[in-house]
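Shared between the two complexes below is chain A, which pairs with chain B and chain C, respectively.
Here is the complex of A and B:
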């Protein structure tokens, strides 16, 4: 009888470490002979650096070295190399690192950094993505044409356009001409921060033999390794990047973060180990955050409420550097329409330089942003047509056989979005009405938002898994998935236990990632870890099973195909009493006379994304998306019409995630994401003064959801299998954020009977939108 | 009374029922000392500004943000960090009810919830909210944490 581990709520493997304070994160580790760095950051959003006087800092006690931008004046990056580790000649955002002090202690470094004197000449700054396109806007990157970039990114030199992705599908002009209903809207929201509870840090050391060792709070250790090799001209094999478990990432720890800076700091002091740790304020503004957006949306529909066309302009506010953001704007184009069938589409997705803190990947990767503007627009369209917004969504929900914006087919693996919509409507009691008055001041309001998501990653994204055995017959799963709290490691253990039919406590897993000893893995991002590493783990298990059987067949003198592996034994399928224990095979079998055969079993498995292709630069046609997760979300709020405050009472999500490998962990990912999406919409985002300086760079002023402000969560899954996913599973880590902002804004718009087109949804902003709405009328 | 110190001072701190002698500077926080000098790294530096609660410890059984306490002022107090809590009901409930994901906020949350459940046998929803909203968690959406606290209460 086979035992099943997949589909069960197995407890995570890191529980005891985490509840006892034992779990070691990077900042908890001790290093011998460590030096500490402190960073001076820019007080201006845009200025020329006239002069930096470091003398006094150099003479400060304990100081080993003071560095400025000219030590390594080269722009680096992943998708578009546009950012030097320390500012060169110009600062382009408030918080940009300008100089670094390396000293014997943190305190010495912090004291000395205050003694650096910088003379700036302030320059006009660009304060929004629309403004960046104006003729009079200063060009922020004069050198854009010389930056390295991947072929799928299209920068436009002598402008502030770091990337423009165009999608042309069908004939939008015709659709617009023939439309019965048209809505035309503008939306905007500011950039903000991930607020992972652990601040970023990195430790770099260059050993006597030239080996570079980096410890980093990274989601992408292999990306870091390969980028350091490329940018500093070091053979890749000489670099090792170690990623201990991290305290939350949400995309903010993908790409290159502090590692390049840590490397040059170490280099400047003869290779000694140097540590940089962000303070919270640095983590919020010096390091990258989430992208801002302004958008124009036009949607056309016919008599029967079928959406016939969309014309979309997305103006993403990448901030001062667009290295990662260019790919966010590209991902938003790939999924531009949201999960709707749209046969006629024009979309221009711009990634624009401004003088704001710069953006990187953020949970949802372009989708949370586009979903906000699309889902608001769908509700506005429903009002125009005078149809129930849930019904409008059901009519237009994308399904099998439809095509995506890039004209790739929604194949047999397409989830059942209509089932998701119906389930969510039921969970939120949609039939009780979108606005219900409870007394003179208060109403109950409901709103829905759909989601879809596909990972936007390189076409050759891969993962690997290696299984080694211990002499007690237990197995070690070597993998390169970073532990972020997402629980993928537990799911991988379940997969291996299932395949090897072995008790779960016999499946051990590595917790830190080491790029020298672990298999190659693109990055722990894009919700692709379980899908890809899961496939690799299955392959590795099958490989190990085959090897165990091969050795056992020789000992038992039977054909390999007569054997089964289960219960830590290899036995004859038809005569289970004839067996050898795995522990007697896994490190080679030893006969009574001492002869040994077989050698140790090493299972290997890999996976590489299939059939992905680049996009046509003029039309966007191509197959950039591996798989699509579809879903529907909704909220119920209690809104006070007197003071515009509200409470989020209920939040519901139904997602088609394919096979759910671990229901409890899956639910945890979704509720966490829902909270993050609600928080994003409710109260987050940077506020800037007229000089583009961030006003809320502490957790006191930048409000994220607190305990007690969270709603009751209702989470359901639909399990249409993903044919190529492990046991039919697909990604679910990010998706839960995507529909929430739209759902919340729709509920609030219903409550105040005005269309809200901005974020964050704080009472002041709602009030302002309502006032302006009345003025328009 | 204003306490004035200059330079380093040796103090003794009672932490998790052990006495530690340690030399501190007047501007060092309790969090700095715990993490950097005493290798008690359970409390985390999430903001060092009193906003996140990741650094929460107990001072005489009351939760306190250790980034907001100067170490020199801590003599004579009974300090408990997450390392001093062993197999408590709330810790078990955190595992059982998925009260954590990345774990970075977990020490602080557990210490705070432990103190709450120590002071009140069955705290009501309002009390739980008042206590726990001083801590931030970015991963869980708080559902698992809420369930863990309720599990302890239900078992009483």
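Here is the complex of A and C:
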């Protein structure tokens, strides 16, 4: 009889440390002989650096070295290498690191950094993505044509276009001509921050033999290792990157973060270990945040409310450097339409340079952004057609047999989006009405938003797993998934326990990632960890089972195929009382006379994304998506018509995740994502003054959802198996954020009977919309 | 972290604190009195204030008094806001302090700090202005007691070395009808964009305002309009808006139009509740 571990709410193995405050993060770790760095950042959004006087800082007590951009004036990055570790000749955003002090103590470094004198000449700055395309806009990267980039990215030198991804599918012009209904809308929202609990930090050391050791709050230790090797001309094998569990990533710790800077800091002081820790303000603006967007959306529909075409222009505000953002704009093109059947599509997705803090991956990776504009547009279209917006979504929901924007087929693994829509409508009591008056001041309003997401990652993205055994027969799963709070490691333990039919407390897992000892893994991003590392773990388990059987077959003198592994034993399937314990096999079997055979069991597993292909640069045709998670979300709000404030009372989400490996963890992950999506829409985003300086670079002013401001959350799952997923599972880590901004904005638009087309949804913005709406009338 | 060095002194009585202040100032030191420390710490961390010496006044006995006798309520300047709210001797004061920062921070913020700090909101002053509270101040010429309405103009008009010791509130005001409303940009835990307080005494409404304009104030001319029963409600509100001592301010938290709308609504609710007209 097989025991089931998958599908159960197993408590997470790191839970106790975290709730008791015992979890050690990078800044808690002790290093001998450590030096500390402090960074001077730019007070301007765009300026020429005329002169940097470091003399006084160099003479400050405890100071070992003061560095400026000319120490390593080379641009680097992951997808588009456009950013030097310290600004060279120009600063391009408020908060850009300009100089660094290395000193014996943090206080010495902080004191000295105040003594650096920089002379700037202010330059005109680019304040929005639309503005960046204007003729008179300054070109922010004169050297764009010389930057390294991956082939899938198409920068346009002598412009501010860091990437342009085009999708041409069907015949949009024809659809537009024949359309019965057309809506044409513009949307925008600013860039902002992830606000992870733990600020970024890194410690770099170069040992006497040239070995480079980096500790970093990274989601992508192998990316860091490979980029350091490439950019600093170090043999990859000489670099070891260690990623301890981190206090929240949300995409902000993927790619290259402080590691390159930490490396040159250490190099400049003869390889001594140097630590750099972001202050909260630095983490918000100096390090990258989430992308901003302006968009034009045209949707056409026929008499029966079928969407016949979309014409989309996405203008992403990547800020001053577009390294990772170029792939965000590409991801948004791949999924441009949202989860709707759209046979005729034009989409131009631009990644644009502006003088804002720069953007990197953010939970949802282009999808939370596009979903906001699409879901708002769907509601506007529903009003135009005069149809219930939920019904419009049901009519047009993508399903098996349809094709994606890149013309790849939604195959047998396609989730049941209509079931998700119906379930969410039920959870939010959609039938009670999208807007209901309570009294003269208050209304209840509801809004829905759909989601879909696929990972937009390199076609050869991989994961690995190694299983080793202990002398009590228990196993260790060596994996390279970074613990970022998501709980994947617990789910991986469940998968191994299920495959080996072994109690969970016998399945151990490594918590930090070490690129020297762990198997290669692309990155802990794109909600692909469970799917890919899960497949690798299954693979490794099967390999270990085969090896256990091989040794056991010799001892039991029976064919390998007659054996079963379960309950920490290898036994004959038809005669289970003939067995050997795993603990007597796993480190080699020893006969009574002392002879030993077999040796230790080491299970090896790997997984590489299958059948992914690049996109055609003219039409976007291709297969860039590993799998699609579909879902429907909704909110219910109580809106105060007197002061335009509102309370979010209820938030609901139904997603088709293929198979729920751990229900409590899955619900936790989705609930957290929903909260983040609501916070993103309700109050987040940078506010800029006329000089493009960020006005809210502190948590006092950058408001995230607080404890008492949360609604009640309702989370349900539909399980249409993902054929190639572990036990049928597909990704669910990020997806819960995606539909929330659209759902909330739809509810508010319903409450005030005005179409809100911006974010964040602060009361004053809603008030202005209502006032202007009335003026138009 | 605070990266610069400074000297720290703790005074056991008001005289000692004042003398230390004068002595250090004569040595060209940049001196600040230290009370709850919430502003000093957060500004110093970002190098937005500089000082070479701090004099902690929290051990001065008068400063930590919180009591109510037959005639008045006495509140020492070092009393944290949460203690004032919990004791609740003067509900209007409690309510107008409850929105300041968050609960954890209100354990640390003192009423003296709120009145004398750098931040422009000074919400604790609103109820003290309408209650006509007295302030007990240590000066070079000894202890003085003056009406807050004489000492407060945009901010507390004290000499740098003066120490606000206590606030005295006449008990006659604590049960009077009042109105209080605090509007924020969005999150409740935020600086206000408009805070209106009103108290009705002898059939007259007294009002004070914070955050609508650049500084908090109580304005007699506005009160004359509010209490002029020949005017209709709308005329009163229009005239008040048109006669503000300074224009409504616009900033990152709220624009002029939106704040004016909130203020009009709030004033209307205030007049509904305290009913100044027939």
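Basically, the second predicted complex is superposed on the first by the 774 of 777 C-alpha atoms of A that agree within 3 Å, B and C clash if a C-alpha of one lies under 4 Å from a C-alpha of the other, contacts with A are read in each partner's own complex, and residues count from 1 in each chain.
Operating definition for what follows: contacts are C-beta pairs under 8 Å (C-beta built on N, C-alpha and C of every residue); 3 or more make two chains touch, one makes a residue touch a chain.
Keep in mind the model is a prediction, meaning the values are calculated, not measured.
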*A:388 contacts which: chain B (first), chain C (second), both, neither?*
neither
*Touching A:706 in the superposition: chain B (first), chain C (second), both, neither?*
both
*Is A:462 touching the first partner chain B, the second partner chain C, both, or neither of them?*
neither
*Which of the two partners, first being chain B and second being chain C, lies in contact with A:687: first, second, both, or neither?*
second
*Is A:24 in contact with chain B, with chain C, with both, or with neither (first, second, both, neither)?*
first
_Per-residue contact with chain A, leading partner among chain C and chain B_ = B
_Applying the document's definition of touch, where does A:58 land relative to chain B and chain C: first, second, both, or neither?_
neither
*Would you sort A:15 into first (chain B), second (chain C), both or neither based on which partner it touches?*
first
*Check the residue A:567 against both partner chains and state whether it touches chain B (first), chain C (second), both, or neither.*
neither
*asked:* Going by the contact rule set out at the top, does A:719 touch chain B (first), chain C (second), both, or neither?
replied: neither
_Interface residues of chain A shared between complexes with chain B and chain C_ = 107, 706, 708-709
*asked:* Which residues of chain C touch chain A once you look at their complex with the stated criterion?
replied: 1, 3-4, 46-47, 183, 185-190, 252, 254-255, 257-258, 261-262, 265
*Once bound in the complex, which stretches of chain A touch chain B?*
11-12, 14-25, 27-28, 30, 107, 194-199, 245-248, 250, 279-280, 484-487, 664-665, 667-668, 671-676, 698-700, 704-710, 713
*What residues on chain A touch chain C, complex-wise?*
106-107, 110-111, 114, 281, 642-643, 645, 682-683, 687, 695-696, 701, 703, 706, 708-709, 762-764, 767-768, 771
*Sort out for me which residues of chain B touch chain A in the complex.*
25, 35, 39-52, 54, 81-83, 85-86, 91-92, 94-96, 98-107, 110, 128-130, 132-133, 135-146
